[in-house]
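Shared between the two complexes below is chain A, which pairs with chain B and chain C, respectively.
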Partner chain A sequence: MTTAAITAPSKPGAPSKTRARRQAVLWGWLFLVPLVVLFTAFSLWPIVASWAYAFFDWDGVGPPEVFVGLDNFREALNSSSFWNAFWNSFLFSLGALFIELPAALCLAMLLNNVLLRGRNIYRLAIFLPVVSTTAVIGLVIAVLLAPVGGVVNEVLLGIGLVDRPVNFLGDPNVALPTLVVVDIWKGFGITLIYWLAALQTVPKDLYEAAKLDGAGARQQLANITIPVIMPIAVVVLLLTFQRSLNTFDLVQAVTGGGPIFSTDVLPTYIYRYAFDASIAAPRYGFACAVGVIFGVFTLIITLLQGPLLAGRLKRTAA
Partner chain B sequence: MSALITPGAGAQAGADAAAQVAGDAGPPTQPRPRARNRVSGQARRMRWWHLFLIPFCFIWIYPFLWMVTAAFKTPQEMLLGGIGLWPNEWTLDNFVRAWTTGRFGDYTLNTLTFAIAVVVIQVLVASLAGYALSEKTLPGRKIVMGVLVVAMFIPHGYTIIPVFQLVNAIGLQDGLLGAAIAQAAPGLVVPVLLYVGFFSGIPNELSEAARVDGAGYLRTFRSVMLPLAKPVTGTVVLMNFIGAWNSFFIPLVFTLGRPELRTLGVGMYNFFGTDTTDWTGLAAGASIAIIPIVIVFLFLQRSFVEGIAGAVKS
Partner chain C sequence: MTTTRGSSRGFSRRSVLLGAGAVMATAGCNLVGGGDDDPTDAGSASGGEGGGLSGEITVALVPDPPGASEFYRAQFDLFQEANPGVTVNIIENPSDQQLNALELMFQQGEGPDVMRVQGAAALTRFYDRGWVAPLDDLVNDDFTARFPEGSLEPTSSGLHREGKLVSIPLVWGDWGYTHLWLYNTDILAENGYDAPPETWSEMVEMATTITENGGGSVFGVAPVSVPYFIEVAQPFAQKPGINLTTGEPDLANPNVVASVEVWRQLQADGVNMPGWESWDGGRPFTEFAAGRLAMYPSATWHVAEIRKLAPDIGLGIASMPLPDSGRVAYAARSAAHQPIWSMSAESANPELALAAMDFLGSVDFYKAYYEEFGSFTASQVAWEDQAQENEDQAGILAVAATDIRTAPNPELLAQGAEAFWADAGGNADLDVKNAYLESIVSNVDYEPLAAAIDTQVEALIVQYEAENADLRSQLTFADWDPLEDYTA
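And then the complex of A and B:
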């Protein structure tokens, strides 16, 4: 290859044209080698391998040898702790889809208004949690929510909203909703940016035309804003859904899935079976099986949104 | 308003606002005075929103305000409680304690090493591949591009176990390099596509000219193309540096048996696990972890936000 580089520029002319071309191809392939190697080894192979490992009873020592067929899958699907984690993950998604998305859209419409002074400062403030380390800011919030001496409880007690401190993260009934709210707070800025980007695709003259036709704010929203941003909205929906399903950092750092597994989500569930030091031996095969189920579930939901996406695109095109 | 944000973003926002205002006042059919009245009336009404937005944003960023101020409070003051933010008595003891006995000094160094390694791997691999793939006649181009795009849409679920096994198998488990590769590799698709898009837009004449001047393929890439791609490199560096700095899962898994390799996020997690009462120390550690990255973001927010917004538009 090195010699090729040295000879390449030397002889311009008819016979060297094909040679130069061949060298360009070889160089191109050489440039692709790092990507192909890394991507195959660390992105494609792990997908294939976790499917394969899922059929073995394997603790990670030596190669997987004990083939157990579908036992891991059967065990997961029959286990109430799996379904507990599954529904909890789903609840994070519901929170993101039904609270975060609409609320962020409302705020984006407000912050998209050029007449609002200081809107850039508001945007920055709302975006701040996004760029902070989830595990770290999560722990700061855990301190703020502490039942004894935590700021939130002091305020709630001070204004008389509660008569005794709420154990936000220690009460199994309260911990999950609390984390869902914190998760929404953490991701809200991204959704806001998505919506602002979507709103900026709406041509301004559409509003002008509507105003001339006497359309009010509500009609403009229903007949211009919503239809125009719809195609992007489907993408935002998909991205938000995938992000909310993968809530690991916050849950692991703040509650570790507790108390009594009330905040356990699938990523922390998988982590526990594979890496938690407190269990006797890691169960890589089982953890992989749960990961596969999780992946398939996400894929199905994603594919369900495919026709929706295509349909929306077609409608806007028409 | 724009003066308070970074200069670049402020100027952009100003221009943006000006453009939009110009657009609003655009149609010549509108009688001008009426339009201005309507606009200023709306502007006056918009002012009421500050009554909602200012307290809302204050509560929104309260955890950050608490974190930064608590880091300077004495543990005694923290113990007395109260919701006042301003420390009565300023102290740096918390930072000293976090930096030395809390080992946040080591964690900071590890986080920097990890984040820089991730960014270097991504820029190197993605720019090389992006340049090669921008050549439309390259045999095999379509296959590589197709696999990349399809892989982007397949949810990966949790494939950490094979990655973990692989890093152990190639003997990279003793340093942060293995973790950095595990973090960098799955995120290569977007940078590669960004570079492909950029290099495809560069006219062929430029590389022809470089060849006439005697530059080979490698030289053309290194001395002509890569310097041209600085905007793309900037976006890739920024997005992935912030991502790597904040990453938790990969560093956690890869430093389980090696406390000396912990990054800030993982270190914080362990700090809180061993001592749940040292709130001022925790606040100082959290400040060490978060303030640098927030500053990086504030200086370069425009390209960061555009990078995120670009994800939905394309």
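And then the complex of A and C:
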């Protein structure tokens, strides 16, 4: 009787739990469906399709029919203009990694200081370029930097720093560094936010304990701040690297890759072959091949950073 | 993609005439895909009262220039009023998406009845795929009289494929071939000049003086549209850069080298307006209208844009300055017209579509377009008198009358070189404009840069000769004098 009293209620309960679990799983999958469909349609399919199109001589109109094997890849890899664009893209990344990242970290530490008055206003001001339309920024930058009537040149001439206007966007030797600086300025806010988020994960009691032990600011930075934020730093580095490597809108809006391709980056290179109306016959197949090569290189460079950073993490943890 | 449906408006004398014209044009024709005796055989078209048209068609077009959406809707409303029972639906695509949109529509079996094909390359492609209907039934004395005499010859019109008329133009055939030397009369006068430069030496001297006197705020010239400047020295120094009198790549021709050298020297001397290297297409006329740039080689459409920005500016229009030794060539007219409108071969209502094509090629339509946008349209009779009364437009016409000559076009002559011509012309790596720019901006010799492109073009010729041994002769017109019009 006792046994029956114990077991009886459990019998109808088991199937009910299973059904509830099944329903939960079902609902889970149901909610996933829109994501899966959208991801497949707008991410997975374009990636797979671009791999397929890369093997065709295709102008983007009609089905790809002329199979050319690896010819598009060979042409790209043997093209000096491809490597010029690749190198320029890489320079944008170097600028982001070696200038933007450390500078944003320094500023983030400053803005993370609770004693700093008005720090939220500074954060907002620095973040504003991130949410501004790149086309508008491009237009404003072009006006500001114009050799004739541009504010920047007027100031430089006025204070006697230069004796003739600097052709910031028209001189092939100056245009790329100028754009790298503008790109760093535009992306600085987002990197700053990353760093601020990372810094706020550092427990305050660690600093208090360090102070009690007599650690100075430099020691706290080296032995507390850096080690604690390092896992997030890996992510920040990868995100910044990816963003800067794919710079397109700024270059397209300001110089279009010119003058004489001195600011051409791989995204503008791809765009030119795929969509530029001034080219009579768009080469979607070739553009896809360049995109695939670019993607593979990006992946390799990213993967290379992984073990290096992992090693750094291990050393830090030890 | 934007779609608008037909709307109705009141009748006008013009619309009645249009309707009558459309009916006449279709009634007497052996229409594409339609029966002579029973118009109801042609898809959804049905004979209305008195043999009029009825049914529905779709027109796929580009809302360009600004204001074109309203213009086209109003025009097709007139067409509808003239043809009660007819509905014209308009599909609008952005310019850079029009061809892909058409492609998809045809692939899905929903091609428009009438479409803008946007030029020769797409027309050829669509024709090869069997999507474009012949329009020869439109051609009669009345139709031919709308266009300049002799401009509808199949080997030179640009509207024909395999001898069949397959397209109708929109703008004047010479609109794109007319290249102007624009100058600011006030700036020239302030510097002691009462006329534009006629030779390269005069141009260099005037530009240098103006820049020197400008104090960093006014400049003599800017090397935009360098190919326009060069075409008086060599008519074939553009893609694919083949000298059509010899059949040889000729971008490194001494005349071209000399003309690039003019601009390179101006750049090295600091005479050119700084910053031009990164200008977009609208910047030259903006700087000119602002009074900072005194002279530059220009396309025709800049004139209207300058007037919009600075209505009272002292705008002078002249021919390109010539080499000191005299003219070597003219702007090369490679086709009489640019193909814009075509009719679908798959139209379910070919009678109505053909009537719409006739409407788009009518003098009234061309006149309305000219009056709305100020562009010279394909039918010169629609605007010529009016244009002569406008100082700017008269200036453009004067330059066009003296500075253009018809050149052979291997693609239109259809002697076998078409595939090579299209391939070479569409290859961005063979675009000599980059060599011009590099020479001028980086202050390096143009000749080796051009010679490198010549080598690539030659390699392409050799590659095509493997399948077409006669290619070289098909690219050679030894009897043609570049100072005279080419006649097939």
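In this section, the second predicted complex is superposed on the first by the 270 of 318 C-alpha atoms of A that agree within 3 Å, B and C clash if a C-alpha of one lies under 4 Å from a C-alpha of the other, contacts with A are read in each partner's own complex, and residues count from 1 in each chain.
Convention: a residue touches a chain if its C-beta (ideal position, glycine included) is under 8 Å from a C-beta of that chain, and two chains touch if they have at least 3 such contacts.
Quick caveat, the model's predicted, so the values are computed rather than measured.
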| item | value |
| --- | --- |
| Chain B versus chain C as contact partner of A:Ala104, first or second or both or neither | neither |
| Which superposed partner A:Phe275 touches (first chain B, second chain C, both, neither) | both |
| Partner chain in contact with A:Ala96 - chain B first, chain C second, else both or neither | neither |
| Broader residue contact with chain A after superposition on the shared chain, chain B or chain C | B |
| Touched partner set for A:Ile260, first chain B, second chain C, both or neither | second |
| Partner chain(s) touched by A:Gly149 [first = chain B, second = chain C, both, neither] | both |
| Which of chain B and chain C A:Val68 touches, first, second, both or neither | neither |
| First, second, both or neither for A:Gly60, with chain B first and chain C second | both |
| Which of chain B and chain C A:Leu169 touches, first, second, both or neither | second |
| Footprint overlap on chain A, where chain B in one structure and chain C in the other make contact | 60, 142, 149, 275, 277 |
| Residues of chain C that touch chain A when the two form their complex | 95-96, 99-100, 103, 107, 121, 125, 129, 216-217, 219, 273-278, 280, 287, 292, 422-423, 425-429, 434, 437-438, 441-442 |
| Residues of chain B that touch chain A when the two form their complex | 1-2, 4-5, 9-10, 13, 17, 20-21, 23-24, 26-27, 29-30, 39, 42-43, 46-47, 49-50, 53, 57, 60-64, 66-67, 78-79, 81-83, 121, 124-126, 128-129, 131-133, 135, 138-140, 144, 147-148, 151, 153-166, 181-182, 184-186, 188, 192, 211, 214-219, 221, 242, 245-246, 248-249, 252-253, 256, 264-266, 268-269, 272, 279, 282-283, 285-286, 289-290, 293-294, 297-298, 301, 304-305, 308-313 |
| Sites on chain A touched by chain B in the complex | 5-6, 8-9, 20, 23-25, 27-29, 31-32, 34-36, 38-39, 41-47, 49-50, 53, 60, 110, 113-122, 124-129, 131-137, 139-144, 149, 151, 154-155, 158, 185, 190, 193-194, 196-198, 201, 204-205, 208, 212, 232, 235-236, 239, 242, 248-249, 252-253, 266-267, 270-271, 274-275, 277, 284, 287-288, 290-292, 294-296, 298-299, 302 |
| Of all residues in chain A, those that touch chain C in their complex | 60-62, 79, 81, 142, 146-149, 165, 167, 169-172, 175, 254-256, 258-261, 272-273, 275-277, 279-281 |
